[in-house]
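The following pair of complexes shares a single chain, chain A, combined with chain B in the former and chain C in the latter.
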Partner chain A sequence: MKNTQGMVNAFFAFLLVVILGIFFFNAINQPLGNGLVLNKDNPDLSKRVSIHYILKNVHNAEDYLAQHKSSYFRNRDKVKSSNLEFGKTKNAESGSANEVTSIVVNYRGFDTLGEVTVLFISILGLGMLLHENKKKYWAKPSLIVRTGANFLFPFIVLFGVYVFVHGHLTPGGGFPGGTIIASAALLLILGLKDFKNKLTMTKIIESLAGLTFAGLGLVGLFTNGSFLTNFLPSGTMGLLVSSGITALIYIAVGIKVAAELSSGIMEMNGGGEE
Partner chain B sequence: MEIIGIILISIGVIFSTLGALGLIRMPDIYNRLQTSTKATTLGAFSTIIGVGFMHPAWLIKTILIAFFILMTAPISSHNLGKAAHKAGIPLTDKTQIDECPQKEENK
Partner chain C sequence: MKSNYAVLLIAIPLLVAFLQPLFSLINKRLTKWVTFLTIGFNFIYSLKLLNYVMANGAQIAIIGNWKPPFGINLYLSPFSMLFATIIYFVALIVLLVYLIDKPTEVDDRMSIATLLMVMASGAITLTGDIFNMFVFVEILSISTVILISFNNKGISFKGAFRYIVLASLGSSMLLLAIGFIYGSLGTLNLASIAYRFNLLNPVYASVIVFLFMAGIMVEAELFPFNAWVPEAYKGSKSYLNALLSGVVGTTGIYVLFRMFITIFGSGQNHIQVIGSVNFNAVIIVIGVLTTLIGEFSALSQKDIKKILAFSSMAQMGIIAVTIGVANMNSINAGIFHLINHAFSKSLLFIVAFPIINIVGSANIDKWEGLGRKNIFLAIAFAIGSFGLIGIPFFNGFWSKMMIVESVVSAGGWMYLVIGTILLSALVETFYFFRIIFKLFVDKKIESTYSVHIFIYLAILILSIIVIYIGIKPSFLATYIHKAAIDLVDKSHYISTVLGVIK
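Presenting the complex of A and B:
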């Protein structure tokens, strides 16, 4: 019985490896587009991708260009595509107003998937090490800590959700927002008398969020031909509903990081169910 | 508006400096906690509110941040002090009264 289950697991693992391998070789065999090829002898710097993202201030773009042309655009007088304006520009290449998010989630979304996987594996190792430990490291919290924890918990969760929902507009994003929510879980562990570890719940939430990330990437693969393409319209830059899948991915990353770090904290708190 | 902001920021800077001085000057962890908490609460608090007065568009956000600092910093330093006392870190010789009981029940 045990042997058959091991065989089934091995079969699924093999299938996963084959599917990933097909994707990998498919990605390698794709011809390079002519969008990112630079002519090395006579580079046309206005065709760089980053030129679209240097200028995203909320002031008038042309005044800014006229003032800073000497320092920022020394050799690039004919920059027209940089007239990006907060709240007005529509259907920019990446619609997020935060440049870091454009790079981390849009251009380098696969890299972010890898980072999330690294975090997942480290939390998995932590759980394997600490899962046998049933001892609860808990001391009685004083009245001040209890009251503070009860009062602050919803605010901290709200702030974390704000940070990752606004990840494509303001500094922050999935990783800091998830960490803030995990700190709220730590506060609950410190402050509540009868806190019970809910490891199953965190694992389910975490898996669903990770699946959402990978699923969005696969939808991009099947509709537009490459993994994690922004297949939704990018909308008006600077609004809450904009920038296509960037916002959705950051929400998924935030939920995943929050669940992962919370489960890590819970395992350190006492390990095991109940 | 700006003058109020500058005054508040000056108060914050003075308190932060005094807090840093106290970290060096004070003899044991409890006194140091006391000074550093003053630096974080009043120093950071009035600096942030001062920035809010200098840029009135940010005032609501700065008030929120200051509220968070005001809520969290005293709780954390209280808990640190309690943990230090529980771990048995000695007081200075000059301390006259120690009202915190040495051993608390763990339940």
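Presenting the complex of A and C:
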């Protein structure tokens, strides 16, 4: 009886999905005539806000919008672009050489603060569900695993640190860098027999990194009048010491993500020391 | 420049939430107080901002010194600040009860989840960027899951699981809608979407509106995305249910109001969602179905939490009808009823908490004779339910009157909708009076549970508000009127944010 009902439910769910699927594909793939639609085959970046992020001419675009009012939306590509040269341009708007970083941490940094919070609250919920979890004991690791873990650990951490410290210059950044470091913690759990969970320490590190991110934003608010404003000089584009608070925020994000994911792994390994 | 400081409403709770793990190392009970004080700060500051925007008109707060539509901005208007204030107020009252509840092992995590949930709800009402809204909806749904699974029992997990499945489904639909909007309009800023939405192809616009509506209906407790409601409410503590109904539900309906009328809607006099489908009719049908299902399910329940859960679903349906009717009166009525519902329903949930502890059961059959044991709680319960039913001299009376009046003035096939609203009021009267009669039966209850002064305080504040609005509805009238004007005036929204006049 119960099985039959499950089948009926599954059938209706399937029917719903099929109908919705036909509806969406129909609407998206048909030639729709008049009006704007998503152009999948030939996306035109100049019709999107992100063109200004890539060219780093948002301030010019702001001026253009203030002067030309509504015609801005038709003539996005006419906004004056700024000359950018890797390693030479000084005080470029959002000085990071990596365009993705300048979008993620600078132009839309507030969203990143939110995303960091999403990760924070997810790990918190994981800990809450697992807080009665007992410590797990794994089989004794073999010599190869033990030696390999001890040998590789510093290199993995070093690589992770490299990825998030160079987040404003090269592909990567806080989230991948933090994940790489957390994978080193996982390796230690698998490789060391007497690994001790250090949840208190990860909590403290995580809190301080979060404090740095939100605190840098607040400093921007109190000095320059707007939350998450870059209040440090941007320096020369392409150098390690450049792009103001973007680099600092990405380092904080990297440390925070590393601590959070490590504490998630430790929660699954059996929770706290108490 | 002063309005940029409004971002503190989001930044301070986030900063405190990040610091909470450090406070929990000192003492887990401390985190409850820190959460309470932070929400208190938010409430006072938002009240100040509400008065500021009431006097000076809508403002924007820019973030990162990038002006809209290039960066993210917050939009502070009578409508958004009114709801932010109400959300913080309800949360503050509920936290009074949370403070004195007996300590548990997971108090630190609960406080963080509560803080982030209230922060995210406030942020959703304030934000002027659609992707930013999505991020906060994510935070809201994850922290709600944590609140629901608080009890660590079977039914909590069942409710939490249902909620997380539906919320993930909703989030992915929201993300799809945002992807379509960005792909076609090239912007994420709400004002600039509103400015250019009528350029979209109607079929394509309907797909976007459908996806967006489905995404937010999970939070707004509307049919068919509300299957999580009964288990989730049953599984969590009853004062936390007040947050689910008064904060999460209110936020969901707020987003529907804002998106349907200001952003996707087409103008000042005749508000209609653009697209090839008649979305006004769609949302009225959804509202009517939700109301009927909610009221009749509530009628068949014996468990107080489930009754109140289904009842809150039904009220959300009635408010959704006012969004669909969409004339100036119905918007006024909808906003008023949403506020009244937040107050009355939180009052009922908070009263249910000590009653369940005294009686030892959530089953209403066991509630006989509570009036003899503790007359104050029984009267407070009666006040809350009178407010919800809409008995004269209680707050719900005025808002339901206004709803019926506005639907009558819309005319046409709307007469069928009036039937539903009146029927729902009748059903509500029946099941609430059934409980109230039980409360005043002459019977003796043995119990040693003593009600804490903070619970009395919370109940007293909310009861006074319910009665005060009932006697003097003009107390909120100016706020609601300005909020409704702000909601309807699309060109004002666009010119305030972008500086472009439509």
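FYI, the second predicted complex is superposed on the first by the 189 of 274 C-alpha atoms of A that agree within 3 Å, B and C clash if a C-alpha of one lies under 4 Å from a C-alpha of the other, contacts with A are read in each partner's own complex, and residues count from 1 in each chain.
Simple rule for what comes next: contacts are C-beta pairs under 8 Å (C-beta built on N, C-alpha and C of every residue); 3 or more make two chains touch, one makes a residue touch a chain.
Please read these numbers as outputs of a predicted model, since none were measured by experiment.
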| item | value |
| --- | --- |
| Which superposed partner A:Ile121 touches (first chain B, second chain C, both, neither) | second |
| Touching partner for A:Phe155 - first (chain B), second (chain C), both, neither | first |
| Chain B or chain C, by number of chain A residues touched | C |
| Chain B versus chain C as contact partner of A:Val18, first or second or both or neither | neither |
| Which superposed partner A:Met7 touches (first chain B, second chain C, both, neither) | neither |
| First (chain B), second (chain C), both or neither touched by A:Ser142 | first |
| Set intersection of chain A contacts, chain C complex versus chain B complex | none |
| Contacting residues of chain C [partner chain A, same complex] | 1, 4-5, 7-8, 11, 14-15, 17-22, 24-25, 61-67, 69-72, 105-106, 109-110, 112-113, 116, 131-132, 135-136, 138-139, 142-143, 145-146, 149, 152, 180, 182-189, 192, 195-196, 199-207, 498-502 |
| Contact footprint of chain B on chain A as seen in their complex | 139-142, 144-145, 148, 151-152, 155, 159, 190 |
| Touching residues on chain A, where the partner in the complex is chain C | 23-24, 27-28, 30, 32-40, 43, 47-50, 52-53, 58, 61-62, 65-66, 69-70, 72-73, 76, 106-111, 113-115, 117-118, 120-122, 124-125, 127-129, 131-132, 200, 203-204, 206-207, 210-211, 213-215, 217-218, 220-221, 224-230 |
| Chain B residues touching chain A - in the complex, by the definition given at the top | 68, 71-72, 75, 78-79, 82, 86, 104-107 |
